[in-house]
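What follows is chain A paired twice: with chain B in the first complex and chain C in the second.
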Partner chain A sequence: MKSLALRSWLAAGVRARADYTWSQAAVAVLIAAFLIVFLIVPVITVVYVAFADGAGGVTLSHFGSFFSLSLMRESFWSSIYVGVWSVAIATLIAVPLAYFTVRFEFRGALLIQTLGILPLIMPPFVGAVAMQLIFGRSGAVNLLLDEWFGFKIPFMEGLNGVIFVEALHYFPFILMNLVVALNNIDSSMEESAQNLGASGIRLFRRIVFPLAMPGYVAGAALVFIKVFDDLGTPLVLHQTNLLAPQAYLRITSIGIEDPIGYVASVIMVIASLFALWLSMWTMRGKDYATLQRGYAGLAKRRLSPGQTVLAYGWIALVLAVVLAPHLGILLLSLAKVWSFSVLPDAYTLEHYATVFRDSPRMIGNTMLYCGIAATLDVVIAMAIAYLMLRTRVPGRNALDFTVTIALAIPGVVLGIGYLRTFRGIEIPFTGELLTASWILIALGYTVRRLPYALRSCVAALQQLHVSLEEAAENLGAPKRRTILRVVVPLMAGGMLAGFIISFMTAAVELSMTLMLVSSQNDAPMSYGIYLYLQSAAGRGPGAALGILAVLIVAVGTYLSHRLVGSRANTAGDIQRMA
Partner chain B sequence: MTEAFKKVRVEFENVSLAYGKTRVLTDVSIAIEPGEFFALLGPSGSGKSTLLRLLAGFLRPQTGAIRVGGEDVTRVPPWERDIGMVFQNYALWPHMTVRQNVAFGLEERKLPRAEVERRTAAALDLVGLGEFGARRPGQLSGGQQQRVALARTIAIEPKVLLLDEPLSNLDAKLRIHMRGELLALQRKLGITTIFVTHDQEEALSVADHVAVLDQGVIQQVGTPVELYDTPANRFIAHFVGTINLLQGAIENAGTGMVFRSESLGSIAIAGARASIGAAEIAIRPHAMQLATPGAPSDSGRIWLDGTVTEREFLGEFVRYNVKVGTGTLVVDQPHYMGEPGFAPGTRVKVGINPAQVKVLQASH
Partner chain C sequence: MRVIQAVLASAAIVLGAAAAQAQQQLTIVTSFPKDLTEVYKRAFEAKTPGIKVEILSRGTSASIAYVREAPAASKPDIFWASAPDAFEVLASENLLQKFDGKNPAVPALIGSYPINDPEGFYYGQALAGYGLMWNTRYLKANRLPAPKEWGDLVKPAYHGHVAISAPSRSGTTHLTIETILQGEGWSKGWQQVLMIGGNTAAITERSFSVPDGVNNGQFGIGLVIDFFGLSAKASGFPVEFVYPSVTAIVPANIGLIANAKNAELGKKFIAFALSEAGQKLLLDPKISRLPVLPATYASAPPGYPNPFSGKIKPKVKFNSDLSRSRYYVVNSLFDQTITFRHRELVAATKAIHDAAARLAGRKNAQAAKLLAEARELAFSPIVSEQKSKDKEFLTLFSQTKRDALKTKQLTGLEEYWSSTARKNYVKAAELANQAAAMVK
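Moving on to the complex of A and B:
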């Protein structure tokens, strides 16, 4: 072939066969309809209300009144401030960890990878309570500091607390993206630079850093979006002068008609879309295919004794801080009394008893909603991945794009969009209002977690060389049989990963949940934890419920790995063979 | 299972395929005789693999027809064609064992269990991997993986066997060994086999007939000897073996036909058929002889004066670049122990055997 572009284009053409079938088109239409109804229309409704003058025209007056309120101006700037600082602090934590793992030979690598996922299991608003007990003005750390050195550090004062909690919870996004980016750099990249005379800082600045940059930006953008999206943490820390809490408070206290809440929503969407665009823009044209045949990662170096001490010291410190909220929550769930003291004064199992008495329904609800959402996610994601990579159905890339956009729609905004779009609509036969039922919660989870499942399924299908399917067809298996006998078994690992990540993250979703839960009966665990944590007396049971949530997620993950374990290994097989 | 194969004829009739404005295949017509080992040869991007994929049914031509055993299969989906293909990367399913891989096609044909087992075992024995049924593809070497891919295809007893660059993923030694094995297997089974390769040596050494493609157009179809000795055009002459091509014109010098070129002057080409006008002549490197100026020489040859510019030792022979007039000729001389040959800078005589000169009329 003449050029690479032409070649890949031809390859795509060859792969996609002559045309698409009606059933493929029907699946695409079905998915498009789902996304339009449950993502696009609600978001457009929110945008529309923010600009509507009530008489069918367009106006900027709501934006004018938004920025004329000093509370809103403060919320706007505070949100930006918290977002930027959270990214900065998360970067400080993540970059050295990533660099240590990839660059140097030392035993901590696996520990860091594990550590990287831990914070994601527990939602930040749960951790926030524990963080106050440990790092707050009268928390364990400051009590000790005061006793030993006579001063305190305001970790948790005002917005500091939000920044600290968010950075600690979301730094894994930067860590994981950066590790992948660094690992994808072929040693030949570095060797050729060395061969041409570059070394040390210069080599890092001109070769390693630029090659890893897209990975870092992707992680950083995700952190920024997550921080903007988070409603639970500011509420628990009583820092309500931020956009997400303001949007939530305006809609819940003043009402669904209040345009200021919609304006706040639109600003949040714009900020998140901007972050998403920034990361895509950085990535654009930089799909450095640095992986070559006979690939070897960056050369590992040995640490000198001094460096080893420094590296382990840093990791130990980060580990201690990252684990603090988990430990804190565990202690809190077992504590009889814990205030103005380094550790609780007495222990009890009573909180767990309370939780089992009061909230088994919530646990069941979480399983139901997240089970539905994760299943739908995997099915839809698998279908989109197949349409994208194996067919030429028109609009297949638009589906992918739309799903990715869902990443940048804050939960509060989607929640408000649902309430407004579906108000007054009844579920057929039961006469129940759609906005009052749990169905919207489950579907909302589905939409919000779809991007994760999609990336997982696309990655799995991409690893599957198309000739594996052609070989099956060549030996007499029609399309449907080929998908059943070859595609699905080989993608099982990726689909499972998609399911777990969707389930896990949906189980700790609170931003949209707070908007959509209309009765205690329909509340999932995340909502229950939040309710408990509102009052000082509820902290114990809230922590106990939080621990249960973490356990359920952990056990579920472990079991599904066991279940599909041997199959999931095939991913490694494929990589070796490809 | 060796006698189960019926030999079928494969025909491509005016097959064309384009992606948008990019023409991949233009008006390709080939007839492949029952039971023959047929090679599709061409540089990468020439459309040879596309032709194979058309036959397997992964692509459909925009115009033209493909017939297998006289039956038009152009619109038949891949899974109903019974045309076995061995993929370039083998395409073994990593989630199945070797045995499961080989049994797949038989299971899809809903054969009774005992029959599936019998034929799977037979196919694995045929490729010498009877002991490896329980392994995973990832645990096999490249050569073994290829045998499994072959067994998997042979097991369904296809009408035609397609091999897509089957030797390209193997190392040099194994490549020559497998080449022999493939040929032996094909002769044993008698199945019509089509083999895609970009390596002319590979094609010439095993195929009964070779079709050479360039830019989606068939350049020539013939036996290996025909391609080598009577290339149809410049492309073939260049692509198959090494050759000297000289541009000039055929003139009538009164005493007979001469080929006159700027670089070499006039050469009498009495023996060759030619018409007056612009032409090219082609001479293989080994059809020329080098001698020291002044040494007694064979008067049957045309002798030109030249200077050696480069020398490449290749074992069986030494390849010289000799500057003659304004042009350079590539000349091969057999190498024998103790013969020093000619060093660069040496003045030599180049002897051309007129009977070995092929005249290409300037149609291209």
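Moving on to the complex of A and C:
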């Protein structure tokens, strides 16, 4: 599909057919302009600065300087190391879970679904603080281990901590993609293999896993990209020798002119694009399509008593560990003092009072920015989906392709690109700098979350048969009216899913926020949480604000789900997107 | 479409509102935590109705970059941070504005250090000393005695329980290291710093990571600036703080930024921060900083340290010119031989501690000699005191504009330090192990 998009992009200028209306073309141009200004130009600016020699020429010397600094070399390898290990650990958690649910008759489906939604409602850096208190050197688990058995496990030492937090946070991406992939495998494949004598591990290794490979790789690539991009977790865990923190620290402390920060950014983009490309390549290179569809995946089996114990045991363990950061943050937000002890000494509601007194504005800001971003996302995504599936406007697939690319642009990089591209530009009539205003934050969220909304809207429109629109048009409804009265209502579920996922993920985004927030008055909650966590007395209020963020997102999701009701499987859509 | 219109309309309203308020807004760039800025913001807004205080919080070096890069038309008004170096940098780039806003009740000197900038670019707003902070539960669980002096931290018992941040990343840590170097002398000072480094569990990247780790029990003992320890204690954490005898008390400063958008408001805020009302805010348990106005201590809770009472005796006359002249050398040396070689240094220190424990009470001249050699290798600074005073050597580091040759010289030197340190530590561990093997 991607190669098609690229080809149509290239051919767009040549092939000018007149089977589209002017208004459709105008919408396409408008969206293209938005993407060019707020996605393509900033990214190209970053790439350009990394290669510019200052006199208008192109040079590789910044790359040379970058790799001659041992700190940068170390950051580069550490980032790769953390990315790969996070994927490995996430795989270790996700694969058995996916296999259990798909392969066996098993009552854990609801649990697995819960696991899929959990990471979306809390940013990993918030969880990281709680993880220190639970799994750290003197955390609850190690204190108990030390007391009972006389040894400690260095879960959170150095980069281990980052890997542990990220793997726990992002493994659902692999889990969800794998479950979908496994469900699509034709059971006759498995039966044939069994007839030929394969069973157990061999059956899994030779038949099931290769067939599920595309789903797995898509999930794994997403995990890698997310981990590579994450700025908050390493900063909260005090690990700055990674690319994202280095890019952030160089640009914020040395200055917007420092080329090393841009080189770090370019390397991050390349690594993310490579991961994205790899996932597409594995899907394209081999044809795993099965002939028969409609079968409900692999034949389910009953678990033997021993297997039952093992499976539920594993799920209980994973669930306990995954819920640990949530529980830890809840405890921290209620704790008076929690230091070198298994549980807090005493409890209080004071931190919530502090948050409501000092930071109600941040809650409002999050609502405003994410509301704007999610609304724009759904409007744009809906338009692109319609252009792609219902019209022949040239370049429509290029829009899809460009939006997908946004998935691989790290938030830090987009933030740096914005600061550089829009520096010195003032907002008319106010004299305020664009880079110092919150508008860029909202627009940045819009661009970053557009891929999610788009996939959701495309899926919704694909399921809508075109005959419904034709019927409306036959009855005399003009195009505009058809869209507003038929298409939009029928797509409501998908659009709402897009809105929710954009809103949720924007609400917990920190990488770009940290680059773009210039004053506390304009800061959203994610920044506020980070800011609170920078002082001894701020840990409680920071955790309280984190819990409020989780509640807002959770309540919002629940309400919109109720609003649309059974008309659309919103939760399913969200999980598929994730 | 209607949605977009609504969004645009609301955006326009918000922008308009922002424009209307632009004249009455005071902007402060600061490295201080929210606990402190929020208290001052609320107090100042209450005192001068109609004025909004906007806080831009950034790290010290990020704050400098921000002031430097802000366009002339919208410069922030006030710079407020701990490290005096930061103000020197800004003053030298003409980014600060002189004005007479001194509170006459504030003494001219603390110890031998001027509280206000002699040239009038910035004013001391609070005092800060450096010291040791520890988690009482952690020490109790590990059966460790509470430390009193920097020198205590080199003891084998504290191996793996100490934390410090890298001076290159944290201005306050740089002052701590510089204080030790000035108090003990270059060679002896570095020896102590290296031995403490060998006992650390971690060299953190930010100064707050140390008190944070001590608060939640990740580390036993941390080298911190006083308010980190005092505020944590006041917030209820099971921690204690002590000033060692080799300490320096220096001011945390506040200054007016050149071409500030609202200079008059800025002056008002500085006057407020230096007044009795503003100084009293520092006693808030969450802030716990030392006021520069001696009268304020009358309303301090019992046990609050008072640097004017003569109880804290700073032995070191902090020499800020010396500190500035070798700023980059000290930071780079620390990074190359301690931060980036932490693993090897800790291994060597552990081997030396183990060998020393085994040799204790036994007479083995050869083993003792090997151990002494190991100590010499592991804990001697790579740069001699003489070299550290060499003008040419220092300018190599302090030059801001670096051509390709200079950059190469510099990275070559750093690479040399790094590899030499590594070699020394590995060798020292070997020697210590040999010495230990001799008395088996």
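As a working rule, the second predicted complex is superposed on the first by the 515 of 578 C-alpha atoms of A that agree within 3 Å, B and C clash if a C-alpha of one lies under 4 Å from a C-alpha of the other, contacts with A are read in each partner's own complex, and residues count from 1 in each chain.
One rule holds for everything that comes next: a contact is a pair of C-beta atoms (placed from the backbone, for glycine too) under 8 Å apart; a residue touches a chain by one contact, two chains touch by 3 or more.
Keep in mind it's a predicted model, so treat the numbers as computed, not measured.
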Partner chain(s) touched by A:His465 [first = chain B, second = chain C, both, neither]: first
Chain touching more of chain A, residue-wise (chain B, chain C): C
Contacts of A:Phe67 with chain B and chain C, given as first, second, both or neither: neither
Partner chain(s) touched by A:Phe209 [first = chain B, second = chain C, both, neither]: neither
Which of chain B and chain C A:Ala477 touches, first, second, both or neither: first
Chain B-facing residues of chain A, complex: 1-2, 6-7, 9-10, 13-14, 17-18, 465, 467-468, 470-478, 481-482, 485-486, 489-490, 567, 570, 573-574, 576-577
Chain A residues touching chain C - in the complex, by the definition given at the top: 65, 68-71, 74, 132-133, 136-138, 238-241, 252-256, 336-341, 358, 372, 375-376, 379, 424, 426-427, 429-433, 436-437, 439, 518-521, 531-532, 534-539
Chain A-touching residues of chain C, taken from the complex the two chains share: 3-4, 7, 11, 15, 18-19, 22, 27, 33-35, 37-38, 52, 54-59, 61-62, 64-66, 68-69, 71, 73-74, 135, 137-138, 141, 169, 201-202, 204-206, 208-209, 211-213, 215-219, 228, 231-232, 235-239, 286, 340, 407, 411, 415, 418
Residues of chain B touching chain A in the complex: 19, 22, 24, 44-45, 50, 53, 56-60, 77-85, 87-89, 91-95, 104-105, 108-109, 136-138, 152-153, 156
